[in-house]
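Just below is one structure, and these are the notes that go with it.
Naming follows writing order (A, B, C and D), and every chain is counted from residue 1.
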Amino acid sequence: MRFASDNTSGAAPEIINAVLRANEGYERSYGADAAMARVTAMIREVFEAPEAAVYLVATGTAANALSIATYCPPWGAVFCHTHAHIAEDECGAPEFYSGAKLVLVPGALGKMTPDTLEKALASTGEGGVHGVQRGMLSLTNVTEAGTVYTPAEIAALTALARARDLPCHLDGARFANALVATGATPAEMTWKAGIDVLSFGGTKNGCLGVEAVVLFDPSKAWEFELRRKRGGQLFSKHRFLSAQMEAYLTDGLWLNLAARANAMGQRLATGLKAKGVTVPDSSANMLFPEWSPGIHDRLEAAGAVYYRMPAPQGRERARLVTSWSTTETDVDSFLAAL
Amino acid sequence: MRFASDNTSGAAPEIINAVLRANEGYERSYGADAAMARVTAMIREVFEAPEAAVYLVATGTAANALSIATYCPPWGAVFCHTHAHIAEDECGAPEFYSGAKLVLVPGALGKMTPDTLEKALASTGEGGVHGVQRGMLSLTNVTEAGTVYTPAEIAALTALARARDLPCHLDGARFANALVATGATPAEMTWKAGIDVLSFGGTKNGCLGVEAVVLFDPSKAWEFELRRKRGGQLFSKHRFLSAQMEAYLTDGLWLNLAARANAMGQRLATGLKAKGVTVPDSSANMLFPEWSPGIHDRLEAAGAVYYRMPAPQGRERARLVTSWSTTETDVDSFLAAL
Amino acid sequence: MRFASDNTSGAAPEIINAVLRANEGYERSYGADAAMARVTAMIREVFEAPEAAVYLVATGTAANALSIATYCPPWGAVFCHTHAHIAEDECGAPEFYSGAKLVLVPGALGKMTPDTLEKALASTGEGGVHGVQRGMLSLTNVTEAGTVYTPAEIAALTALARARDLPCHLDGARFANALVATGATPAEMTWKAGIDVLSFGGTKNGCLGVEAVVLFDPSKAWEFELRRKRGGQLFSKHRFLSAQMEAYLTDGLWLNLAARANAMGQRLATGLKAKGVTVPDSSANMLFPEWSPGIHDRLEAAGAVYYRMPAPQGRERARLVTSWSTTETDVDSFLAAL
Amino acid sequence: MRFASDNTSGAAPEIINAVLRANEGYERSYGADAAMARVTAMIREVFEAPEAAVYLVATGTAANALSIATYCPPWGAVFCHTHAHIAEDECGAPEFYSGAKLVLVPGALGKMTPDTLEKALASTGEGGVHGVQRGMLSLTNVTEAGTVYTPAEIAALTALARARDLPCHLDGARFANALVATGATPAEMTWKAGIDVLSFGGTKNGCLGVEAVVLFDPSKAWEFELRRKRGGQLFSKHRFLSAQMEAYLTDGLWLNLAARANAMGQRLATGLKAKGVTVPDSSANMLFPEWSPGIHDRLEAAGAVYYRMPAPQGRERARLVTSWSTTETDVDSFLAAL
């Protein structure tokens, strides 16, 4: 009954075993390891993007901050959702790395809409040199509210940005869960939908700590490498990042892990609804159910672990996250305790 | 015969096994894991510093850049050796994190001297507001030239800095090797010698990727935590950093690994000298031998791997680094091939 | 009929004459001029703040950005109104100088309220290390909407900030106009109301280009000096800044100029209202009247110069700014043309 | 006998009168004033550069820091002389604005040589991603040692930089003095000699406070504008900068003022040499004579004002700067007092 976050889970057996295997003998450092070449090839294939540049870092914040710094100038505005991870949960890392300014775009359930984005775009940079300029778009999928953008929704948003020549970033800390939820292919969710650079999450979905940054157009690859090094994000024993990512991508493990997490999320959602609990739209592995007062105490007494969220007057709200390691027993015990 | 760098070695068995064990079950993320509390306690004990604040990051560059940013204001000068890692090998990460300026202090064999440091100190910040101000001292031990400062030498340098109220940092990417080489205790090499903040290396000496930052005076601990997060250096599945460091510190493993690396370094030095090769002063695990032209080709043909270094006219020079995993056979084969 | 901005006016005769007089002979550079000592003494007296540190820069953006950088750490949030000059009109200068993040506080007519500020304060920094921390409060008086905070209103806002140990900044680009509008003394509007650092505007109110920064507690004075130099904001021929500020403060010139500007603003407001034009609350020298479609064209045809503002459907809105050099004829001609 | 610096002089009568005239009536702010268009046209003509972009700021540090930030990425090395103003006298402003790192190039009498520059270029950026990359070249003319580069010398240095595709900056705080000393045309000293961006000084040579930045290739003009605003360096009452620069350029005033300063410098040098004083090579308006102990005291007792400089054992050294306002009487009295 551990639903606090998918990052409280450990690593999947296939991943940790790959790390173990990678420990044999000597290997070139700083990304020149043989496994990294294989990782690049695999990601290019998975994304149908034979030219893409691929880099590994160890935290999602690093992946996002470096992506933004590479694509947005210091005087640029990064358009992101009011509750985006980059806005609320990275202690200003994107601003530190890029110098840019985040412009918050509202929208229900963690998703901006073409309307709210257009309004934000239209009201930025119109004052000439006096204000920051339109810089880039950053979307998140799965969103912080647990909802999922379809490729068509992403394309509708990136179209507005691209009409103004803005590059588009996707924070995919839970990218695999979004794919599973929508049935989209990696390409459909990214470059085919107008995404230029992707933070491709591994950590939350069964790795120890690895995220890939995928630059679909490699023209900024060298700049990215320098920014990564300068950010203290280049690993000397890089083989241990490569090994995780290689195992993650092998035989569709990454999608299988996400499918498991999502299935548990849906089992939980179905069970909650069956008990009359309000569960806002959520098709991946993160739920924000609302229920009557007193249930938090009851669940925690039964051993459930999760975050209490701000709720409307007279209600309680929870954040429940399932992961690759969540079991049916976990879900069913939780529902029983409720 | 792999002497390119100690970071081309893998992880010691005890470390990788600890990572494996740490993978069990759920664990709190972002440094709130139980193992991290144990790591802090162990480091405090090892350093005889019951108040010290301890944080883990995954790269040496991150450890150094965050340490410097925490102790030096943007208008400060960081006094470091001309060939310090922070000056030559971190692509400006210390400047990026801190905004500060590096002032290069010369000295033979990678070591600044009280004379060269005093000269640099005396000629900085004398122009009032027009120039950067004296900010902090950063030493490296083992140095980039493979030489080692004794605690007394460190104390002589920090005394000059402290006389001007400057904090002192030690880049200890090879701290264990320096301890083994000098026989000093951790406390003698650090706070007893005037060091305020230490980058305590684990990666090069048998870990997968972990460095501790030790703040002997914890008053800047919260600032450090914020800078770490903001730098994208806070791991969600932090347990995997803690596990490495805990194993590293258990039963003196860290010193045993360094003793092995140093012993192989000394075996190599002795063997080289016996063959008439010039080996500048080096008491740890990194050698810069000089020999006649043609030997590089011969050694590489025999399978030796290491860095060729700039050499005086008509000579060749190598950088040879031993590690915890170097064997006597490696050393002896190398000497035979020579 | 030039109402575009108070910065389209020239300098008052007393100011320009002082610059002329300051041109005699040699004078020490970089702020060591004799006039600067007099300026400091005058500002201390005017503000009843004998300990205050006083510095001159040439632009309001520099004054604000340096003030914020001196009082807010890079991981801090600066609470300011949604439409504050620092948020909308400085192209990210405060973020560039400080690294901090602006958190926008809403409120009608350019003014935040204790409610909106408290809400912003309460929802910031609660996520521990994951989000930026509460950093400082920045108010603007006269506001960008032309409204004026009373000292009591300022005190109510700073009290909320100070309860959390946050320093408070006042952007006083039109400080003199705010004083005239409220009848408050300089001390009442600043340190007695909880302000720690003031951008004290001169440029808009009859100078050529000079703003003072007043640090009521001088403990950060040296840091400010270094930041000013490092920002390229320290004038070599500083005497020309001092001369402006000295003349500005002599014989109450600054208040007389603001009184003139405000009187013309009020004459305009009264005249507009008499003609049935809606003029939102404005007691200083900046008005945002709303009128029927077609009036913009008519006024501009008559030679009026001002900014057209976004207006509700079927309406027109203007920004009209009076200055020390606005004449009664200007105002009356404008009203006649309407 | 005021030889401390050319910035202790006031403004030339033509300049201050132009400021006075510019004070008439209303004028558009933030660089949209009519005089600025004329200034741009004049500079383009003077430099035979019909495409150049021209911007005004008020301090030399701002001009340099903005120029460097516009042309050098954060991971770039700026090659400059060990004693360049940007290295020693701007409190890190270039690094603050650009994020870049200064690499110091030695050379006698304030001048780098093709040899010393080539050595610095060759030893930078060779370590791949681990070190900063070659970024740009920044020269100073007149140098900080009072010496002057000829156009041919500049071309020899920029050729080395341009061979590696590096842009070249010229810090021309005393540009007019360098032209007068060499007889070169503005074009010969800049773009014809490989310079991409020039800090064109006005302040030291008779203005109140104005420097132009000239971008010979205007492709980075908009970026420069944003950086200027973001740096708090865009003047609202910009007319007062334009007026200075316009007068400065009218009827060759700028060259006449520099000719006067240089002539006084040469009169001083000749007189000193006639008295047996050692005066290192200096053909503009700044001298560093060396003389016997005791002379400092004697000169200061006689009322001379200048900087004492570090000198070899048993010697004294002075920095003497003449300006447009230095008179023959000043020089002759000084020589007499000696």
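Here is the rule we use: a contact is a pair of C-beta atoms (placed from the backbone, for glycine too) under 8 Å apart; a residue touches a chain by one contact, two chains touch by 3 or more.
Everything numeric in this text was worked out from a predicted model, so none of it was measured.
K.L.:
B-D versus B-C: which interface comes out with more C-beta contact pairs?
P.N.:
B-D
K.L.:
Which chain lies the greatest distance away from chain B when centres are computed from Cα atoms alone?
P.N.:
C
K.L.:
I'd like to verify one number: the distance from the centre of chain B to the centre of chain D, where each centre is the average of its C-alpha atoms, in whole angstrom.
P.N.:
Roughly 42 Å separates the two chain centres.
K.L.:
Counting only Cα atoms for the centres, state how far chain A is from chain B in Å.
P.N.:
34
K.L.:
Just give me the whole-number Å value for how far the CA centre of chain B lies from that of chain C.
P.N.:
50
K.L.:
Which chain D residues touch at least two other chains?
P.N.:
Each of 74-75, 90-92, 96, 129-130, 226, 229-230, 234 in chain D touches at least two other chains.
K.L.:
Please name which positions on chain B make contact with chain C in the complex.
P.N.:
Those residues of chain B that touch chain C are 30, 73-75, 129-130, 133, 223, 225-230, 234.
K.L.:
Touching chain B in the complex: which residues of chain A?
P.N.:
2, 4-5, 7-11, 16, 19-20, 22-30, 57-62, 64-66, 90-93, 96-97, 203-204, 208-209, 226, 229-237, 239-240, 305, 325
K.L.:
For the complex, which residues does chain B have touching chain D?
P.N.:
74-75, 88-92, 95-96, 99-102, 127, 129-132
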